[in-house]
Each structure stands twice: as structure tokens, then as C-alpha cells.
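A, B and C are the chain letters, set down in written order, and residue numbers restart from 1 in every chain.
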Amino acid sequence: MMRTVAVLGVLIAVGTLKLPIESNLAALHRQEHFRGVEFNLDLREKIGQLGFIAALSGFRAMVADALFIQAFAAWENTEWGRMLLLFRHITTLQPRVLLFWDTAAWHMAWNASVAAMNDQTQPRLALRVKAQREYFALGKDFLERGIKNNPDRPDLYEALARLYKEKYKDHERASEYYAKAAALPGAPTFDRRFSAYELSYCEGREREAYERLRRLYDEGPPERLPTLIKRLKFLEDKLGMPQEQRIPDKEDKIAK
Amino acid sequence: MTDAEHASTLQPFNASTSAKRYRPFSFSRIYAITINTVTELTRLKVFYVLLIFALLLIGSSIFMAQFSFQQEFQILKDVSLGAISLFTSLLAIVATARLLPQDIEDRTVYTILAKPVPRLEYVLGKISGVLLLLAISTVVMGAAFLLVLYTREQAVMHATLRQMSGAPPDQVADAMRTIRSSAFNIDIFPGIVIIYLKACLLAALTLFVSTFATSNIFTIVVMAFIYFIGHLQATARDYWLQEHSSGLVTRVFLAVVALFFPDLQAFNLVDDIVAGTAISLAVFAKTAVLGVFYTVIYTLLAAFVFYGKEL
Amino acid sequence: MTNPAVAVHGLTKIFSVPFHRQSIVAVKDLNLRIEPGEVYGLLGPNGSGKSTTLKIILGLVSPTRGRTEIFGRDSRLVESREAVGFLPENPYFYKYLTGKETLLFFGRLCGLRGAKLKNRVNELLDLVGLSKARNRRLGTYSKGMLQRIGLAQALIHDPRLVVLDEPTAGVDPAGSREIRDLILDLKQRGITVLLSSHLLAQAQEICDRVGILADGVLVREGHLQELIAIENQTEFVIADASDELVREIESFVNRSRAKLIERRKSTTTLERLFLEATAKNDEGVTKQK
């Protein structure tokens, strides 16, 4: 009897001791981008009982992968609606896997949108365009939420920049997002250049774009790629720059 | 020579110095029980079934070639690490649940404790045996996983080299680097260590439960319950610590869960590690220390209850 | 005065059964003293408290009241156990270990190591006659062999006291005889033996002193021969007596104040007959009569 009381006492004492430690550790985990998934009724509703229990027990990744394989099969059947639903679950379960956000956005903004545009069952062009733009928006949404969950990594910023550039033809936003990507550790070197290129297509921001490109040019030969030279030359002509301030002509020959 | 004749030629040795031989704490005593426990557990059928299942799961990831290599590597890593996690958690519970009850039922515990072996050392020896077995299993499965990952990585790299045979060298280098970085991530190692520590915690907790449980099934059912609730403890704890206007019964229930159950979600870091989240030394060290702390506490509690147990 | 091998002072053990109002009194105010070098038999029916008493002496169970000591050291101290070896009832060692591995394991628990341990193990395997079976798993051992390996592990650390709980229960006559011989050999070497049994005929053959427990109380105790001697009767065993001699002795007795109670042929025991009949010759074949 005494022993039982002693054991309970120890458990309560240890419990009280560990409570703040666990809370702090959980906060630290969340701060470092771990444990971002909330196990609540909402999640359980979305992915069902079995998936919820499996995810809860530390097999969240496997559940997401299983759903991903299903999404792959759905893609083979061009079931865009089902794919959308599955990718919503997948990204909820694994918010830190860039691949899932990227693939989801790709399927929506690049694949589904094209399928909608070429949809033989929809004779009216206006409605096809509308559907296409809806898919663009869904892709954009995936990437924006992906960025919210992964603010520390450049990949999704790049993907969003690409989406703005290729689908929305919005060079300003594209430039903005390439710049954001470039500011993060591990960003590839071309992000800075691409940001500047995109800016060079924006009306009214030629001077700013020129300054950025020129700065890159001044860094040396690694940055003096053909496209960079071409854009510099284009801007120099558009801005009507005096000859002494322009980059050497011989670069022209290389560009040609 | 008959038995009787032979026997009387035996000399009792050092009977007078035997009083000096007893040492209050002896690693070699604990070690003898540890090794014995490992041998005993490797004879369990369930050990082999689980191990083969885990290895099969890891090996099956080879058949994921239909996806892009990033997707394939993602699935391979998730499945393998999930298998390691599942195996170690299950084995920790199932193997430990029967350790003490089996010895008590078979009465081998009498022969051991009738020797000058303190009960604490007996418990330490038993749990060390389980932890050692779990460590060996983790290393074996980890090695199998790395082998499969390496094999697939090499295969993808060779296929890509062939495809890019006309491309400029820096592009090829870039591609190789992308493949390598999406395959192997050094942070997987601390992730596996955390998985192991979670299994250690479960083993120690199972040992504690088995000291007052009435049967093996009881222990396992209780541990299944604790496993489930332990994964919800963080949610319960957050809910309780925030000021919610919930009823008294709910608040008491949440308090009980928060106080008595370990936060098992703290040890589920490997999914995010595979996703590319870097694990800092601070995070790893704090999580590891928590795991070790729980393991030690539960083991001591088990020893304490066992100390007073009527055999 | 040297310490007794075992001393039991006012030992009481009450087991409280949860959810029942009545507790079980297993042992009631027991006092015992076993001197070094003797063979003591603790006898009694099942449930009389024999096993409980042994377990308390070995520190496996704690007393409700009173205390027990081994060579002057309290049983509750772990070090008291390095002078005692225990063979429990129906022991079940790890089946997958061989005889040799089992003894090595127990030897290590007692702090033995290296060459000393190996030599000790070989000695004991010879002593209990299991040298040939040393590399066979205990799962293949007969009951008698298991009892013998059990005895060997009890002796591994050269204890001065050996406690045996029902050492011959379930063992066939040949095996029983071997165990009995081993016990007598232990006695010859000065080792104290405390055994519990309900096989009274066998206990009678080896014990010096006995104590009879019934319902946890020591009802009789003393030297065996004194206890079972029928005070007023005398036995003679005479070989090659002629009929005339027998008649003379009978009439002699009838003329005195003594009364002749019985005259009969001496008997061997059924056990000796059995062993003789089932003895195997050198090739291991049962001898024909």
C-alpha cells in the first residue's frame, strides 16, 4: 500500500517537473519547423479515422505517401478534382515536404489548366479560360500556403515566381519572388539574375532593373551570361544611355 | 572411479575468503543478465517476424521506379524509417512485457535472486538486454535502409549520366548534386537516434507496467493505450494550459493526461527531417535528454516496485 | 559459540489477500536453529508453510514479524546469500542454454570469472554426473538431470549452506538415489543442508534432524532417530540363524517380562529391488535375471 502511494507520488512529482520542460521543447520544435501538424478533429475529418491514427502514431509520412500514390493514379485518369482533394490532405499531413506543394501546384497550374483550356466538352472559350484561371489560382494558393509553412527555403518562392512569369505574365511579381528566394540560404545563384531579368520587362522600372543588372555584371565573368548581356544592352538602348557608360561592345560579339 | 569416490577428492575452494568476494555493485553481474536477456529475446519468434517484415518493407521500396527520383527517394525514406520506427516501438513493448512475468512464472527468478544479486541489478540487467537488442536491430535496419538508398541513388545517377551525355559539365554536376541531396541527408542519423530513444522509453515504461500488471495481455493492452494517449498528450497539454472555459471534469481529465503521460510526439521528428528540415544540436540534445530522462525514471520506478514484490 | 547455519526467530508471515477479508497465516511464530554441518529436514503437508519459510530464509519474501539469519547475517541483506545455494521446487532454467552455459551464467552472477569459473563448472558437472550432457540444451534433459544441474548451480559459488525445496519430487527411483547420494556427499564435506520434502521415506534416509510443520506451526522437532525410535521396542537383525536358535531366543523373551511382538524375515526395500531389477550392465542393456 505504502509502495503504491510512493509510486503515485513520484509520478505526480515527475509529471509536474516535466510539464514545463515538455512545453518548452514543443515550442522549440515548432520554432525550428518541426511538429507543425495539429492533430485535431479537423484533421481527423479530412483524412478519416485510420489515417488519423496512423498519422498520430508517427507514421504521418507513410500516410501522406500512400495518398500521394493515389494522387498519381488519379492523375493517370485525369481526375483533377480528386487530385486537388488528395493534395490538400497530403500537404496538410506533410507541410514541410516541398515536393508535395510543388507537385500539387504543378498539377493545378500547369497540367489541369491546360486540360481545361483544351477541354473538348466545353465549346465556349470564355468558360474554358475561366476554368483555366481557376486552376492557376489553385496552383498559386498551394504555393502561397507552402511558402507560409516553409518560409526558410527558396524552392517554393522560385516556383511561385515561375508561375507568375509563365502563367500570369506578371513580371513584377515574378521579380519580387525571385528576389525573396535569392535572399534565403541555399538559393541557387541564378535567382538574383532572374529577379533582375523579370524586372527588366516591367514598364517604368527600367532604370532600377538596369542598376541591378549592371551590379551583377560588375561582379565579374561568372555573372556575364549571354542573357544578362542581352538584357543590359536592351535596357541601355531603351534608356538611351551615353556610350561611355555602356558595357564594352565586344560583349556584343559574344552575345551574337 | 564412481561418483562418490570422485566427489570426495574435490576441495572446497576459498570458503574462508568468500565473505570478501561480495561487491555491493557489480557491472559484470548486470552484464551477465544483459547478455542472457538478449539471448532469450532473440529466440522469440515475434522478434524474427517483426525483423523480416521490417526488412521486407525496406526492400520493397526498390519497386518505386515509376515515380520521379525525388518522389521515389521520398517514399523510400518514409517507408524505411517508418518501418524502423514501427519495429522498434512494437518490439520494445512486446519483448519487455514478458520479461519479468516469464521469469516469475518459470521460477528462474528464484534461482537468480537466491544468489547475491541485488534486485536493482536484476532489473537493470533485464532492461539493458532489451535496449541492447533494440540498438542492434536499429543498426541492422539502418544499414539495410542506407544500402537500399545508396543502390537506388547510384542507379538514378547512372541513368541520368547516360541521358545527359551531351550536356555541359557544370549542368551535369548540378544534376548529380540535386540527386545526391534529395537522396541522402546527414540529419537522418540523429533522426534514427531519436526513434531509438523513443523505443527505449517505451521499453522502460513497459517494464514498469509489467511489475504490477496481472498478465502479459494486460501489460500490452495498457501499453497500447499509453502509446495512443501519449501521442495526444501534447494536444491535451496545450488545451489544458490555455485558459479555456471547459467543464471541471474535462479540465481534470486533461490535467491527468498532461501529468501522467509522456509526450510521445516530441520524438516524431524524422518525418520533418526527411522533408529537409535541419535539426540543430540544441533540438537534438534536448529531445535526446528528455528520452533518456524518461527511460531512467521508468526503470527506477520498475525497480522500486519490484523491490517490494512478493515472489 | 559459532553462528548457527540458519537461525529463525519468532517468524510470522501473513499474506493479505486483496478483496478478501481474511488473510492467510502461512507461518506462525516459528523458531528454528540449524547447526553447521547437519542435514535438516523441514517436513509437512502441502500448504504447511515449508516453502514460505525457505523463501524467507533466502530473502525472497519478507517476514511480517520476526527475523531469519544465515550464518549470523540477516536474510534481508544481499550479502547473506553468498554463503547459501538454493534449488527451488520444479526449477525451470533457461531451456535454450546448455548445461555448461547455465552454470557459467550462474557462476558469473556470483562474481566468478575466467579460468576459475571454467574449472569450477567442470568440477561440478563431474560431481553431479552430467559431464557427458554438458553441451546439450536443458530442454533435452530429463527431470532427474534438471534436478542435478539445479544442484550444481546451487553449489557453484561453494556455499556453506544448501537449501533444497522438494529435491526428489517427480524424480524416478534411480535419479532419487543419485540425488540422495549427492546430499550425503555434501554432508561429508561439511556443508549444511536444509531440505523440505513431503516424501517422508526419503527424508528418513538422510536427515539428521527434522522439524514437522503443520498450518505454519512447528509441531514436532528433534533428532530423527530419537523422534522415530519407539521407546520400548528393540530390533535385532540376525543372519544365518538356525531354527533352533530362533526358538531359543523366543522362549528366552517369553520367560522375561518383555513381550515378543513380531518375528519375521528381514525385508529389503521395494526401492532396492526396483533398482536392482532395472540396473543396466556396461553396455547399457537391462540385465536379465
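Quick notes on this structure:
Please note the rule applied: a residue touches a chain if its C-beta (ideal position, glycine included) is under 8 Å from a C-beta of that chain, and two chains touch if they have at least 3 such contacts.
From a predicted model like this one, the values you see are computed outputs, not experimental measurements.
Put simply, the chain farthest from chain B by mean CA position is C. The most centrally placed chain, judged by C-alpha centroids, is B. One inter-chain figure worth recording: chain A and chain B are separated by 36 Å, centre to centre, where each centre is the mean of the chain's CA atoms.
One inter-chain figure worth recording: chain A and chain C are separated by 81 Å, centre to centre, where each centre is the mean of the chain's CA atoms.
Annotation: 45 Å between the Cα-based centres of chain B and chain C. Per the touch definition, chain B reaches chain A in the complex via residues 66-67, 70-71, 74-75, 78-79, 81-82, 85-86, 89, 198, 227-228, 231-235, 237-238, 241, 258-260, 262-272, 274-277, 279-280, 282-283, 286-287, 290, 293, 297, 301, 304-305, 308.
Per the touch definition, chain C reaches chain B in the complex via residues 15, 55, 58-62, 78-79, 81-94, 96-97, 105-106, 108-111, 113, 120, 123, 126-127, 129, 150, 153, 157-158, 160, 163, 178, 181-182, 185, 188-190.
Within the complex formed with chain B, the residues of chain A that make contact are 3, 6-7, 10-12, 14-16, 18-19, 21-23, 25-26, 28-29, 32-36, 38-40, 53, 56-62, 64-65, 68-69, 72, 94, 96-99, 103, 153. Against chain C, in their complex, chain B makes its touches with residues 3-4, 6-8, 10, 12-15, 18-19, 21-24, 26, 28-29, 31-33, 36, 39-40, 43, 106-108, 110-118, 310-311.
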